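One structure, as structure tokens, below. Some questions next.
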Amino acid sequence: MQKVILFPQSCKGMEDCGICAFVCPRSLFVASEEMNESGYLPPLPPDEEKCTACGNCMIYCPDFAIAVEGGAVDGSEE
Amino acid sequence: MQKVILFPQSCKGMEDCGICAFVCPRSLFVASEEMNESGYLPPLPPDEEKCTACGNCMIYCPDFAIAVEGGAVDGSEE
Amino acid sequence: MSEKTHPLRKYMRPQVKKTTFCPGCGAGIITQALLRAIDELGLTMDDFVFVSGIGCSAWIPSPLLNADTLHTTHGRPIAYASGVKMGLPDKHVVVVSGDGDLSAIGGNHLIHAARRNIDMTVILVNNGIYGMTGGQTAPTTPYGLTTITSPYGNAEQEFDISALVVAAGGSYVARWTTYHPRQMTKSIKKAIQKKGFAMIEAITQCPMQFGRVSKQGSAVNMLKNYKQNGIRIEKAAKMDPSELQGKIVEGVFVDCDKPELISSVAALQRRTGGKE
Amino acid sequence: MSEKTHPLRKYMRPQVKKTTFCPGCGAGIITQALLRAIDELGLTMDDFVFVSGIGCSAWIPSPLLNADTLHTTHGRPIAYASGVKMGLPDKHVVVVSGDGDLSAIGGNHLIHAARRNIDMTVILVNNGIYGMTGGQTAPTTPYGLTTITSPYGNAEQEFDISALVVAAGGSYVARWTTYHPRQMTKSIKKAIQKKGFAMIEAITQCPMQFGRVSKQGSAVNMLKNYKQNGIRIEKAAKMDPSELQGKIVEGVFVDCDKPELISSVAALQRRTGGKE
Amino acid sequence: MSEARRVNTGTHFMMGNQACAEGVIAAGCGFAAGYPITPASEVFNALAKQLPKAGGTLLQTEDEISAVCTAVGASWAGLKSFTVTSGPGISLMQENIGLAVATETPLVIVDVQRLGPSTGVPSIGMAGDMVQVARGSHGDYQIIALCPESPQEMFDMTVQAFNLAEEYRVPVFVMAEGFVGHMRERVVIPDESEIRLVYRKITQGGEPLTRRDFLDPEVASMPVFGRGLKTHVTSSCHDEYGMRNLSDPDVMHRYIMTPIQKILSKRDRIVEIEADYEGAKLVLISYGVVSRASRQAAAMARAEGLKVGTLRLKTAWPFPDKEVRAAAESADFILVLENNTGQMYPYIKAESAHACKVGFLGPQVLGQIHDPQYILAKIREIMK
Amino acid sequence: MSEARRVNTGTHFMMGNQACAEGVIAAGCGFAAGYPITPASEVFNALAKQLPKAGGTLLQTEDEISAVCTAVGASWAGLKSFTVTSGPGISLMQENIGLAVATETPLVIVDVQRLGPSTGVPSIGMAGDMVQVARGSHGDYQIIALCPESPQEMFDMTVQAFNLAEEYRVPVFVMAEGFVGHMRERVVIPDESEIRLVYRKITQGGEPLTRRDFLDPEVASMPVFGRGLKTHVTSSCHDEYGMRNLSDPDVMHRYIMTPIQKILSKRDRIVEIEADYEGAKLVLISYGVVSRASRQAAAMARAEGLKVGTLRLKTAWPFPDKEVRAAAESADFILVLENNTGQMYPYIKAESAHACKVGFLGPQVLGQIHDPQYILAKIREIMK
Amino acid sequence: MAQTDINIAGVGGQGSILAGIILGTAAVTYDKKYAVQTQAYSSELRGGFAATWVIVSDDPVGFPRVTAPDILVAQAQDAVNRFAKVLKPKGLLIIDSDMIPEPPAGIERVVRVPATYTSRNELKAPVVANMIMLGALWQATHIVSREAFEKAIADFVPRGKDKLNLDAFERGARAVENQKI
Amino acid sequence: MAQTDINIAGVGGQGSILAGIILGTAAVTYDKKYAVQTQAYSSELRGGFAATWVIVSDDPVGFPRVTAPDILVAQAQDAVNRFAKVLKPKGLLIIDSDMIPEPPAGIERVVRVPATYTSRNELKAPVVANMIMLGALWQATHIVSREAFEKAIADFVPRGKDKLNLDAFERGARAVENQKI
């Protein structure tokens, strides 16, 4: 089951944003090589296995570019 | 020596104001019978002997109609 | 009996024969408190520029005081005064205006001047009402009070203006009723000497409008109320909020030092090489 | 991979494809926090009217949110929102706008709405700068910081907006940085449910303007700063002011109940016979 | 939507400002915002007492900026909305009057004009805000403004202002003068059933942002809040759907022109005048309380055998250009009488100079309405 | 009084807004207040950097209301004062512009106009505030307004505005358009010694309230603060001595009329135009950046043998009535070109309709200056 | 009498303006006539001037400003000083003779009413001097009916004070009875 | 050539507007010519459009708006889509051939510059693509002197980046050398 869903067209890029990478406790995000339609480099989907579904990437992504399913989105306080 | 000097033309009347009477610890002010030029009834000068020169009448008079000389104007806190 | 003149008369424009206020209005008591402060500090009227807005209270300096005086629009005196101060940093700039003027329409200038900590003294004449326009609800009118524009009782909470100005950043903030003119004078002296934004909230009787709408009546009745219900901050601090219902907390709410605007500009420019 | 849509997408206007914000701008995090609050409360967009002013932050609801939305002039959203609330007392009226909008030009409406305790939620997006106009000093810009309009350092003190709104009379006031989006959501939920004036001060990164002028740089750097310097009110209360230099105090500053404006109007009218 | 009516039917000896308040209530106003100011205060004072009894609500705001904003907000909440002030307040409202225009918001604003500029003399009336009301906000736009000459008309025109505002989705101004606001005169308030009221057309569903709720030259229905319409309203340039658009030149053009054309194309239904100049060689053009002096002067002149007529602009904006033109084309001389230094004069002259001579006569002493004798003297001078 | 000059002499490729800031400094401005707004922000941004180095100070205020008030305060403190904004800010300033007028305060305000009404389109320029600037505050009054057509003139006219403000004790406006403010062009800044500067006449003693410091048709000396003059300044109606007077009708009359007459009686020294219509049958009248299109269109028309001339209003207010009249009386047709829907048009028509036909041509698409070809087409249509 | 222009003037606090409002109300509300009432006053509460102008007419009123009144009711010397000069040539001057010892020369028709003395000393109510003046105005002109006046007075005076005010009105009327006008 | 109207356009972030400013500065400040520069851009930081218009002339410029440019320098497909249609009939189109694979039909004079590739891959500095386009513009038109261009570039690029930018300019110039225009 896929836990983290990316919407790369919504992303504004790992270069200027990169918040997902910063807030992921497992550091699962790296930039893709391919620009999206707006010219930004979105992250690659994280390695599902390592993901804890903590929800950080979703909650912090300012551009609604990530959804996390089935995790304790509300649970873990920083 | 006169301690309390009245400027009756400046007064706005014992009927509507009367603050001097209220703040005088010796209750020395009563209304005169004679209107001033503006149609107000100023107080009569207080009985000098009873006056302690506390300065209240001067400091509270909103119309600069009373001056107190030689007293501890600054002294007595309420 | 009166070849003599009132000792504070010398601070008034010779052309002005009397105050414009209603009988028993507290504005005159505050005027005295201010002039006495100037007198006691040994300053002259040439050391000052006075600025006011629109309202009964705004007529305290205009045209009464024999000094440079700027009588401005409703709510804006602090903004005008800021410009005067920028141009004449060595003068004492004193704003005298009403609660409606400074805290209703002019509220934003009040909090921003406090925040900037611009060197200025504000005497905010709080009579709890719009006096000049005839007794409408002000931001300082107590909850539930019946006024011309709240005939079924004021549904709004009232401002604690001193608390607001403290929160906004004022350096010196004090509140006194007209029942305490000596303390008021003392605070005004401090305020004038303070390098920074200073405000005196002067709670005062408006027998004509507030007295009428509140049914508190005469000037003397209102002074009696101040006498009975005035309570010092030091004492109030130890009391329960419920005990303070209907009380008027008086005293000095803040007296601190922090960077003042105009000197800060100079200091920062020196530091970063903006000024040669 | 993405036939699915983002779970909060349903709250956005279908015509709007993406946010208008710069990469890494915190406005989007706040938008999420707000929508999540609505989601968790089980409310629908038809329960709300959103009002905003002018600025980057004002574009959070306009046109993004799929609800009745009023995008107004600079500084005035709270005034407009007050009218909306008077007309639609059963709707949740939520103002989302910037620190410049709500606390500079709009500061007076903010404090008066708080004073009146009108039932309303304000999300004040505080990025410490004028974002949309290009990085000028805001009332929230720290002392000494170099900006476009303070090239020699900001000579003004900054507002503690939460403290100001508490002093003005707000019923619920909380501050969170974008590093604490979950807490922010929780506070927004409380704010929406509060019968009275509620404000969330959302401290947020503006990498484009604030990041540039402050030399704090990227969004991630700014989030790091929030992480390091954010400190809870409970802890801060026990600390010395000097220790709090450079810290961002977060948490709930007030959460109380007092008469709300619109219900007060009704209550007073009943009492004094104004209403049949 | 609560309807806030309680018509004070009957014959009254009533202050103009009170009559205005009665008009507000008779028109079914649901919300009034205000801030005290001489010589307008009595209107809001009266509403504070009466409007709640008629089912409306009101808010005394922290200033006039907030008053106009709050009233616009309440209008979008579906209520007939109102505010009242005098010149200084109108000056402060200018920016947000622009919003009301740009968002096509029905709103009635009464300006009880006083002697200016600046603080001036609060208690003395003048008609000093006549161009300000139409051009005082930045940018190009069109509003409606009516000029009462009596307390009776302060009632009538206030009701009419609400009707026009609702019908055309536009701010409508009643340009009273302090003199009329504070004057007491006979005021007849008709029976509730005889007062014609107009209510805005409200959008009845449809997909948000595909409905054409704005920029309709025929007046779009209004997508008021609170009905699940998911309306988007913006003070910025927007298209027919209400969507902000800051890049398309054609949208910009329509954003400016359509609300103007919406009013101008219906000007024949909006503009009202009183013309009494058949056969006249000299026509006195005026508005507001000066019209009463003008009529009296004309009567006196006619009694002397002078061919003098009158044209009274009950509507100041949209400007009665055709009506002025007609007068100019039928006469040899137009004399413009205004209770100011000649604010509408250029607008009148622009539409009459091609056809006849045009002159202006202000009050002998500014602040006091023209004495009919003074006008008569001028008439004699012109016609001799 | 600190003199804030540091003239950036030389030939520059410079943005209009930057040139304006250079003009502020060259004019010896001592105080600038401002609040950010597109498309005017660059002026204050530049001053923030440059003015302190030239000995002036500035304050970024909490809003535009405060900006104009602060600038007036600083002017009374003796400094040459300045603020800059765009339409929404001008709208907010209206009430206190009235104060500056009523108190006869020298002050320069630059309006970098943008597309309105309301928030409109910040980045697109128009000349949408042309009547607002003269009639946007309540009451009757007169200001001075200049219309630059290039960055060079944003420099020149800013300096000139300070000179006029100081000479006549009046607020002076520079009505730039966003297009000009944001345009870069060659700007030549002369040597400091070649820039003529005017300083207000300052009262030199005398008894307060017996000195005639106000309402002098010949411009009273200004009793600035801080010199022991014990000046009284009020926004209310006042007499020649600055004393508030709310009861004497004659004082009220003079309170309104004298500041107006002070400007109008000197209009010949103030008004500047550029006339090039000798022998022309059709005269194009314009101001601001459209004048550049107008000249080009006229040149193209003349190349076709059409007798077309131009009149450019460098001064918009006081309104160049005589100059317009002269053009109208020498031509058969006046075509008014404005970068708006025709704001000055009625004022121009009022002074020309008696003598010739008058028409208006706005931009083909509002927000974009007239294409000379588009004007030419209209010229051909009229003249065929 | 198609139209009568009346000026009632005094100093602040004497109730001149209220007298004008009562007159207008009597005319319009109770006599079904037409009337216009306007006013002016200085900002001082006492000592300043206060004046009202009332036009009473059988037909709708045109020009609403009174430039030269038919009748001047003067309650104070200041009122005479300010307003007597514009009284119509054959106009009627009604003065409070306690406040105005000597009417200005050249005015033929003068009615004298001891309103201040009567109100203070006989009625013990200085505030009703204006009603005395109204009574005198009525008696001298019958400009509106007595019934209308009485109803209008009842509309405006505080509850319970009707009798006092009507009494004052009556005394004013009687004071004029025997004067040649 | 008395007056040349140039349009430089791309998407946000490509530096089209800066290129226009540099061109104008070169003309006015260093070549003592006349120039006008105007611009337009959308509010998005990336992906939106950005365009500048520059008029270079030997004499003072009259009408300052460019309606039909002599030259269009297009850095993105969007620029061609938006602006190519108003290029003068015999106008010159200079394109970044990496971004615009195919110039629109009907335009005769087209110059192709591999600016994106060169800047990214050869200079390792994507931000200097605009300088490459400027170099091409210079080589194709000599609208201002090379010295003027170089001085103007030095005025605007960050300290220490002069060489990189001048290098880019040079590469742009060389890319055009052999193209028929």
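The first chain written gets the first letter, and so on, giving A, B, C, D, E, F, G and H; residue counts start at 1 in each chain.
Just so it is clear, a contact is a pair of C-beta atoms (placed from the backbone, for glycine too) under 8 Å apart; a residue touches a chain by one contact, two chains touch by 3 or more.
Not measured: the values here are computed from a predicted model.
Farthest from chain B, judged by the mean position of CA atoms in each chain, is H. Ranked by distance of CA centroids from chain D, the top chain is G. Ranked by the number of C-beta pairs in contact, the top chain pair here is E-F. Taking the mean of the C-alpha atoms as each chain's centre, chain E and chain G sit 36 Å apart. Between chain A and chain C the centroid-to-centroid distance comes to 56 Å (mean Cα coordinates, whole Å). Taking each chain's centre as the mean of its C-alpha atoms, chain D lies 62 Å from chain G.
Centroids of chain A and chain H (each the mean of its C-alpha atoms) stand 38 Å apart. Counting only residues that touch two or more partner chains, chain A has 12, 38, 40. Residue positions of chain C touching 2 or more other chains: 22-23, 54, 73, 104-105, 107-108, 112, 139, 150-152, 265, 269, 274.
With touch defined as above, residues shared between interfaces to two or more other chains in chain F number as follows: 52, 62-63, 65, 88, 95, 98-99, 118-119, 123, 234-236, 246, 368. Every residue of chain F that touches chain C in the complex is listed here, in rising order: 30-31, 33, 52-53, 57, 59, 61-63, 65-66, 69-79, 81, 95-96, 98-99, 208-209, 225-226, 228-236, 243-244. The touching residues of chain C, when paired with chain D in their complex, are 104-105, 107-108, 111-112, 115-117, 139, 143-144, 146, 150-160, 163-164, 166-169, 258-259, 261, 264-265, 267-269, 271-274.
The touching residues of chain F, when paired with chain H in their complex, are 11-13, 123, 150, 179, 182-186, 289, 292-293, 295-296, 299, 368-369, 371-373.
In the complex of the two chains, the chain B residues touching chain C come out as 5-10, 12-13, 15-19, 21-23, 38, 40, 45, 59-67, 74, 77-78.
Remark: chain F residues 65, 86-88, 90-92, 94-95, 98-99, 101-103, 113-124, 126, 128-129, 131-132, 135-141, 234-237, 246, 249-250, 252-253, 255-257, 260, 340-341, 343, 345-347, 349-354, 365-368 touch chain E in the complex.
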